[in-house]
Each structure stands twice: as structure tokens, then as C-alpha cells.
């Protein structure tokens, strides 16, 4: 019973169908009919002009976005535990040609305007110090916390005021929007986000994410950089097909709701063990080593997590769009019984 | 009737089946059971120790290989018409952090030891000039020409003598091997090739190529660089599945033989129009603009090509593993009838 | 008797004096009084608004200029024998993060609009090919040839028409202007040049060149990149002092005239041996190996040069601002006597 | 009365003499007789085989050293307040092609083995996290603190144990050695340092630092990278001359002793105001804004410094090799009188 990650879940049947429907030869790269529909599909979703490019991974989406916003000599403010800082093997440094991540603090791996100011205000405005050019936030955060529309908007205002771009790593964007119950535009374009890495892989896709630009001009240079990074696949129609299938009939939201519901079921059982409020599909709980062993002995797989101060141990439990209802219920029962 | 490229062809049914068989959740990235089988599968094919990594595109495979062989201040000898020079949007410069392509001449876009020496011998051995660190050749070449085992071996000897790595861009490796009728090892590891970009996408795959290293050590650093380039997909099992399906029962060779046979049928009809001997699945023919129009009017799609000196025009006709037999025959007839 | 290069000549006494005058402690980096005068000094010289930064080498000046004009995924058209292509150890690739040099042909290492068009017109306007973003020319060229104002202006027009920047490597700018007898603005800002590497080191300086920007905005980002490249010296006043001393009373022109005159004296003796018209301080002559030996036996030092087709051998003879009159006369006699 | 920095002090008379003595034309770049003597001069100083290259700035020295030790996908452990992190405009990211600085804590801007382990031990050994490849320390530190031989050796042991390089930023190496009274080898090669940026500019030089490699092989690739970074000056003899003059008769130590003595005089007067023990030529003192104003009103120039917790304000006072004895005494008196 796997609660390791949503990273390795199966592909949704409607995505499979879309893949097969795309099998017919068409133009190569992103000149095919499906890839050409992406802008329109996201414009319908966000209700504003935008440009969308497929890429195979969230790391590529994040780093192509940052490279479009930040010169090599610039910096990006992000949380100390942001995925781009901790888990992308230095990819931001590669794509941006050495730009610097400027690390901010914040509860639940979320940034606030104050946290950003604490990082950028002390930077002297001279050539000896790396100047900030963008802010990057993760929605939902690395601790499964969602930014409410007003929280994103506050960061968007600060970004605008300081001339910074605002990037959103939306590896679990769907889970956050499903939790918030807001329109997707409320936490993106309407709140000042310039570029969104819209994740589908963790949510029922196979290997396609969308990089969505709300700011004219950013996308143009990214087309060149996507090719230059070896990310322009020749049979791009298979990526476009996945993305379009996920958008069709709001499959992305349905899948996220399923994953979130499973997480809530576990969270309900975890009660006081919860380290973070559960606002997406990740549940962080205090579990002693012995308790971890007990759960694993019952067949539950999950990752250890660094224990908060004073706790004997911790674990991360992740649900997916297709988490087995029986497994989820079993895990909830097992945790409650500890 | 599409003779544009093999780049956009459909996915082979056995690859589809393998993709579906891989749907069951497994470990993420390349920790899944299928990815773990790659080394063994290629060792069986090449009869020697090797390490294989999947990546989504040939550009990524080529450039990751070069980056492992060449320092940022170094150079790579390649043909003036090599794909890495002409059609990868500067990706080699990105992955190698600015290493230089040193351009050589050669009939049929093939390199010879003499052509390589003509480039590297005049380079002064000082810090003012970029020093060569590798040679990169394309098998089959950009003109659909195959390097025979002794031709690769001659380049391998030169590379060894000068302390250079030897990389093979095998976007159409299958077509070359099918044409040559040799063991794959004869034109790679046994001939001094250190790293091979083994192409599957043009040959029935969806979006997986293999980067095969015959030299211990080269692969280790590439694992980090693959991640850093955003090319470590989380559901890597779908890429491994494609590659393994292509190797299974020599599907890669069967598919290449089909494409090559179709090309030969067209070549037979083209006769004196042929610009290059046909040794893979590409047919380059002299066609005047009027003749091109005539063919297109009959429903044949293909790319213009720069005309050789004295010719009124030229075209490139590419067949694929699934080229429709009727379409091929029709094209052959149409050309013969011009 | 050294005719190797102007690269290693002594420092002019007025430059020495300026260095000593700058010894008094002042603000660090380029906040000192002398560095702050640079813009004004060059504005007086060129009669237009400009921004000037000191750097220690011509390579740094050239590459910082290119990096300001060309994105990492872009290209720079230059001559096949341009210094940036042949003799800077790949520095353009380093500073631009992998941009590509697009090589053009041209007599005397000079570019013409036709030569540039021959390179850029065949480039497909798609993401697969590196797009040109700038042209770089050398004044005087690597063969000591000067671009007349109308020649630069023709390239400037082409650059403007195609949206390209125009950079001038002026390692021997002084020698070219001295030869042409024009105002410096005629071959730079008035002719469409956006950035000029104005060389002083070969012309009596110690280790200061000026990077002059005629285009507002280009200089701003270069200030950051200069620091980031380790080229912002803390005692920058010693560099500014050199540059200002060279501009004072047109010392730069006087020195160049001396070097040019010495070159003309040698050229007069060389007669039919000349490979290139002498328009600066470099003399390229046909000399058989035996003749080279004979001159060397008489105490003349110089570099071999690749022989033009049909010639038995060649050499490069370079004069400097302080070439000894007796040595020059002796070399002229010796060549005449061959 | 300037106590801003040693950064902008005058050039020592013996350095001026050496510069003039080098005026005679010689071979270009580092082929001149003086540059060729560098290795030998440093071998005499350190009593071991080493290779030394001149560069114009400490930033270039530091970053070329790091680039030789750390691959683009790797990391360097340094103090959170290290110059490479805080004041080099992102140069480490440029020269290393995006390697990451891994920030450690430590009193007085000094690292300890425990502080380094606290950074590197939590790094998972996988491709998702940037792996450490080197440690960089500053001698004397950014707070003017010296590492004793056993402290460097403890870091050297850790580095060796973990397979990391050990780099020393010695912008004020002379001041540290003068303070410690040790042989220079005790805090470098004998303690496990692989590469030393040996500073001369702050200590009486004009614009030459030495990059000294104790590890065979590291220097070779740096020769190429120095050229590629535009740091190979053509009249390199003027840089070599400075360095040799500083080594001659231990001028570097004498100058450092002068600066240190001046700092001690001020420190003696500062007494309880001292924020850090004074172990080089920098004095960090608690000064309220009113006290700062009072000193400035008396003609003393210096930098504000971030106040330690609970203090009303702070300042940094830096002496130089040529600090005026009267100015120093006056400052000491003025501080005592506050």
C-alpha cells in the first residue's frame, strides 16, 4: 500500500485514451494540431490571454520560467525548503546560468511579503551583491499548504512594487485549487503571477507539464530555451494530448479532489499527530520509529521525514488521484489505532 | 502521403503494450524495475559492460554525452552539417557550458580521419585556442550515409591516439546497422565509440532514447547532469518500457529494415536523380521546382532540400517504420514517371 | 629587434606619470574621481552621449560587450579569422553562456554586408537554429586592414535593418583611425556601432582598455557582469588613469601614428612581398623559410604566418608606438636586400 | 583620515620600482621571465612543489580556484558571510557554471569541522541534491579572525576524509600569517589546503594577486580558464613584477605587520567596544550613531557595520600597510575619549 508519493502513480484512463487518439502522424515538435490548441485551452481556463508550452518535467518548467525572468547575474527569492532549492539537483543554476536562490523563511514552506522583505531589504543596491529579480512560490507548498488568493496577491503586489517577476511552482497546483475552491485565476494571473508551472504528472498524467505565461514576451524566449535544453520533443503531440485531456471536463480538478479527500481521511485519523494542516494531498505526521515500523509491518509504504523539535519522529504520507479507497481507510484505521 | 520525416510517426503497437504494462505504480525516477534493467539489456546487445540512461530527446542524449566528455573550455570536432551544429538550437553550448564545435568537411556529412586532422592539426597547443576533446559523428549521417565498421574504427583509432572521446549520434543508428548488416558492437564499442545516443523515437518509440556509455565513469556524472537538466522524469518507467520493448526481439532492427526497404524502393525509382547513395531511410533526390509541385499535387509531402551545384532543385524523402506500402509504391511510380 | 607584437611593448611615460599621480588613496572600485571622469572624456571624444567602463583586457572588453547584446541562445556574426573566434580561448562562449559565433568570409579579415547576409539569410527562423543577434567586426582587422566610415556604416545599416547589435573590437582602433584620418565618431557611433572595445594596451598602456557603449542601457547590465567576471578591480583608479592619459592631448593618436609610420617604412621596402595593404601597424609579407632565417640571423624577431596559396612562406611584422627608428630602418633595409 | 578599507591604499615604493624595472619589452602573456619565476618563488616560500598564476583580482582568484575543484553540478561549503557568498556579485556561479554555495554558520565568520558537517551530513547522496565538492575558508576571515594551523588542519582532515577540496581565500592572508607568527605552509599546504588565493592588492600591490595550487593538476585546467575569463593579460610581466616584489625580502609580511600593529593600537583604545578579537587589520567596534557622527566630525572615515544584538550601532575600521601613524594615534585617542 503505497503512500510514498504521487510521483509514480498510474496514468488516468482518459489520458491513455488521449495518447492513443494522438497516435496518428502529425507535424513534429509543437507544430501539431494538439500543441497548437494549448494556448486557447489555458486561456479558457484562466479567462485571460496566456501562452502555454508543454515540457516533460516540473524541474524543466520551473527552471525555464526562472531563466526567462532572471538574468544570470540576478537572484530569485524562494523558501529555504523550496523544491527548486532542495530537490532539483542545482537545475536553477543550470538553466539561469548561475543565478542565485535567495532563501527566505516561512511557516509551512510558504512565503509572506515580510519574509521576502527580510531577504531583499538588506541587499545593497550595488554590483557586489546579487540583486533580486523574481520571487518563486510553490502552490501547494512543499508542506502541502495552500496559498489563499489574498496571500498570493500580497506577494504579487510586493513583486510589482519591487519590479520582480512572480513564479509559481504548481507541481500540486490542482490540489491547492481543489482545496481552496477558488477559480484558478484567483491564485495566479489575477494575483500577479507571471508564470505558472502547472503540474499534471503527479495528478494522472504520464510525462507532460504545462508552463503557462501570463506576461507577454516571457514565452517567446522560452521557446528557444526549451529547444536548447533538449526539451522540445519531436512527437510533442503526445504531451499536448495529456495536458488537453487533463483540462477537458476539469479532470485535473476531479483527480485532485480525490487525492485531497483521501488525505483528509488520513488527516482525520491522525488528529494531534498532524504537523501541518492538510490543504492538499500530503499528510505530515508525528510517528515514532516504533510506530513507523508498526505501520510498515502492516504493509504501508511512506517516507521518513525530519522530526519537528521535540517529536520522536515523523513521516510523510502522500495520496494520489487513484489512491485505493481500501488502502486509505486501512491506513486511517492503523494510524488511529497506534 | 507523408514523407516529411520519421520524426512524427506513430508509436509501434508493441511499444504501446509495454507502456500499458508499465502502468502499475513503481518507484519513481529511475529506481523502478524497468529502468534498472536497462544496463543489462544493452550489455546483452553489445556484448560488453555498459551503462544506459533514458532521456526524452536525441538532443538531450547528444548534449549530455558531449558534456561528459568535453570541459567548458574545450571543443568537439563534428561535421559542418551535423545535427548538433545545425539543428539543436545551440544545445551543445548550453549543456557543455560553452564548449565549441570545431567544424570539419566530408562527403555525405561523414567524417574521415583526414577531415578531423585537417581541423585539429592547425590548432596551436596553447591557451589562446580551444583544444579538441572529442569527436562526434552521426550514424547514419545527416545524409543517410552509414559508417562501415572500419570507418568508425579508423576514427576511433585517431581519437585514442589524440586522447579524444568519440561520440556517436545514433538518431538513426538502427537504420545504419540494418543497412550494414553488422553487429551493433562493430560500429560502436569495438570501434572505439565511448558514448552512443541510441535513437528510438524515429523508429517506433514515443519519447525515449537511450544514452549508452561504453566507458566506465562517463555515466556517473551524467546522472547528476540529467537531473540538473530537468530530464530525470519521475515516471521514468514509461521511458524504460519503450526502450526495452524496442530491444525485445530486435524490434528496433525490424522497424529499421522496414523503413530502409521503403527507402530502397523509392531509391530504385529515383535512379540518376539520387544525390547520395541510400544507406538508411532517407532519400535525397534532384527534383526541379516543377517536379516538386507535380509530386505535391499528387498528395506527397516532403521537405525541400538545398540543391547540389548545377541541379535545379532537390528534396528529401524520409520513410518510417510504418510507411504505408501503397504510399511508397505510389511515390516510387510517381518519381519514375517524372 | 622585436617585431613580434605590440602586445608586450613598454608603457608610455605619460601613462607612467598618470599612474603615479593616481597613487593617492581614493574610493575603491570605480567610485574614484578618475573612473568617474571616463564617460565625460569619451563623450568629448565622440561628441555623443556614451558610457565607458575600464577593463584589463581586450578579451574581457569584447566578451562583456557581446554578452550585453546577445542572449545565451543567440549568435554573433564575425569573420572566420576574428580574434574572438580564433584567439580568445573560447571566452565568448564563457561570457555569453554559450552563444554561437557564426562565421563569415571576407578579404583581409573584413566583413561586408554581403558576407554577413551569406551567413544569416540561410538561417531558418525557427527554434532549431541559432538566430543572429549581433555582428562583431575588428577595426583594424586581424590583417591590419581598416574599415572606412562608409564600410562600417553599411554594416551598421544592415545591423539596424535586421535588429542586430554591432560591436567593434578596437584592439587597434587607434591605428585604424590614425590611418583613416577620420574622426573616431565616423567609424563608430555615427556608423551604427553600439559598443566599442577601445584598445590602449597595445598602444602605450599597461593593462587598461575601455569598453564604450553608445547605446543607452547596454552598459547597465555590464556593470554587474564585469563584477561577476572578476574584472572590477578595487584600485580601479590605476586603470582609469591610464585611459585618461591616453586620451589627454590625443596621445592615443600620436602613438598610433608612430607605429603606423614605422609599418609604412617597412611596407615600402617590402613592395611586392606585401600580402595585404598596410593600413595599421601590421605588415604581412611573403618570406621563404630561408629568407626568414636570414632575417632572424640578423637579429629580427617576428612570427611566422600561414603562407598564402602559392607562396613559399610568410611572416607578420608588427610595429609599436615605441618601435626603435634604427631597428625599423634596419629591418626595411634588410627586407629590401633579400 | 581613511579607515574605510585597505582596498584603495597606495602602491608600495618597492612595488613601483619593480613595475618600472619590468618596463622593458619581454614576451607577452605569462611567457615573460618574471611570470616564469613565480612557481619557484612560491615554492621557496612554502617549501613544497606548487604552481602559481597571477590574476588581477581576488574574485578572479577565488572563482578560478573553485571552478577547478567543483563541477557545475556540485557545491562548495562556505560561511554564510564569506566574501564569495556576499560580495562577489555572483562570480562563483559564473566561473563554476552554476555550482552552489552551501552556507555554514560559525563565530567570527570562521568555519569549524562541526559547522561543515552540519551542512553536508544532511545532504542525501542522490542526484536530486547538490553534492559538496569543496570547502572554502577565508584567512583572515571576513571579521578579521585568523585560523590557527590546527584549525585549518582540522578542516583539511575533514576535507580529505570526505573527498572535498579545500580552498583558502587569502585576501588578507598576510595579515593572518603576521598575526599567527607561523610559517605560511602551516596554515596552507601542510594543513590540507589545495588552492590559495594569496592577496597582495590590499597589502601594497596595485592589481596582482596570486593563485597558488598545492595540488598537481588543478593548475593546468585553470590556465585555460584564466584565458577564457579574459584574465590573461598581455603584459603579464607587470603583474608578476608586483607579486615578486611583495615576496622579495618578505615585504608582504612587513606590510601586514604594519597594518596589524595599527589595528592593535586602535583595538587597545577600543577595549570593551570590540565585537571581535583583532587578529588582522580590521577592527569591529560598537559605536552608537552619535559616536559615529562624532568620529566622522573629527575627520575619520569608516564603514557602518550591522550592530550585534543589543548594541546601539557598530563600525568597521580598517588599517593598511601605510596607515599614517598620526592618524592611527588620533583615532585611538578619539575612540578612547568617547
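A, B, C and D label the chains in the order they appear, each numbered from 1.
Everything below uses one rule, namely that a contact is a pair of C-beta atoms (placed from the backbone, for glycine too) under 8 Å apart; a residue touches a chain by one contact, two chains touch by 3 or more.
All of these numbers come straight from a predicted model, not from anything done at the bench.
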Per the definition at the top, count C-beta pairs in contact and tell me whether B-C or C-D has more. C-D
Using C-alpha centroids, which chain lies at the maximum separation from subunit B? D
Rounded to the nearest Å, the gap between Cα centres of subunit B and subunit C is 42
Whole-Å distance, C-alpha centre of subunit B to that of subunit D, is 50
Chain centre separation (subunit C, subunit D; CA means) in Å: 34
Touching at least 2 other chains, the residues of subunit A are 72-73, 88-90, 93-94, 97, 127-128, 224, 227-228, 232
Sites on subunit C touched by subunit B in the complex: 72-75, 86-90, 93-94, 96-100, 127-130
Considering only the defined contacts, which subunit A positions touch subunit C in the complex? 71-73, 97, 127-128, 131, 221, 223-228, 232
So, in the complex, the side of subunit A touching subunit B is made of residues 2, 4-5, 7-11, 16, 20, 23-28, 32, 55-57, 59-61, 63-64, 88-91, 93-95, 201-202, 206-207, 224, 227-235, 237-239, 320
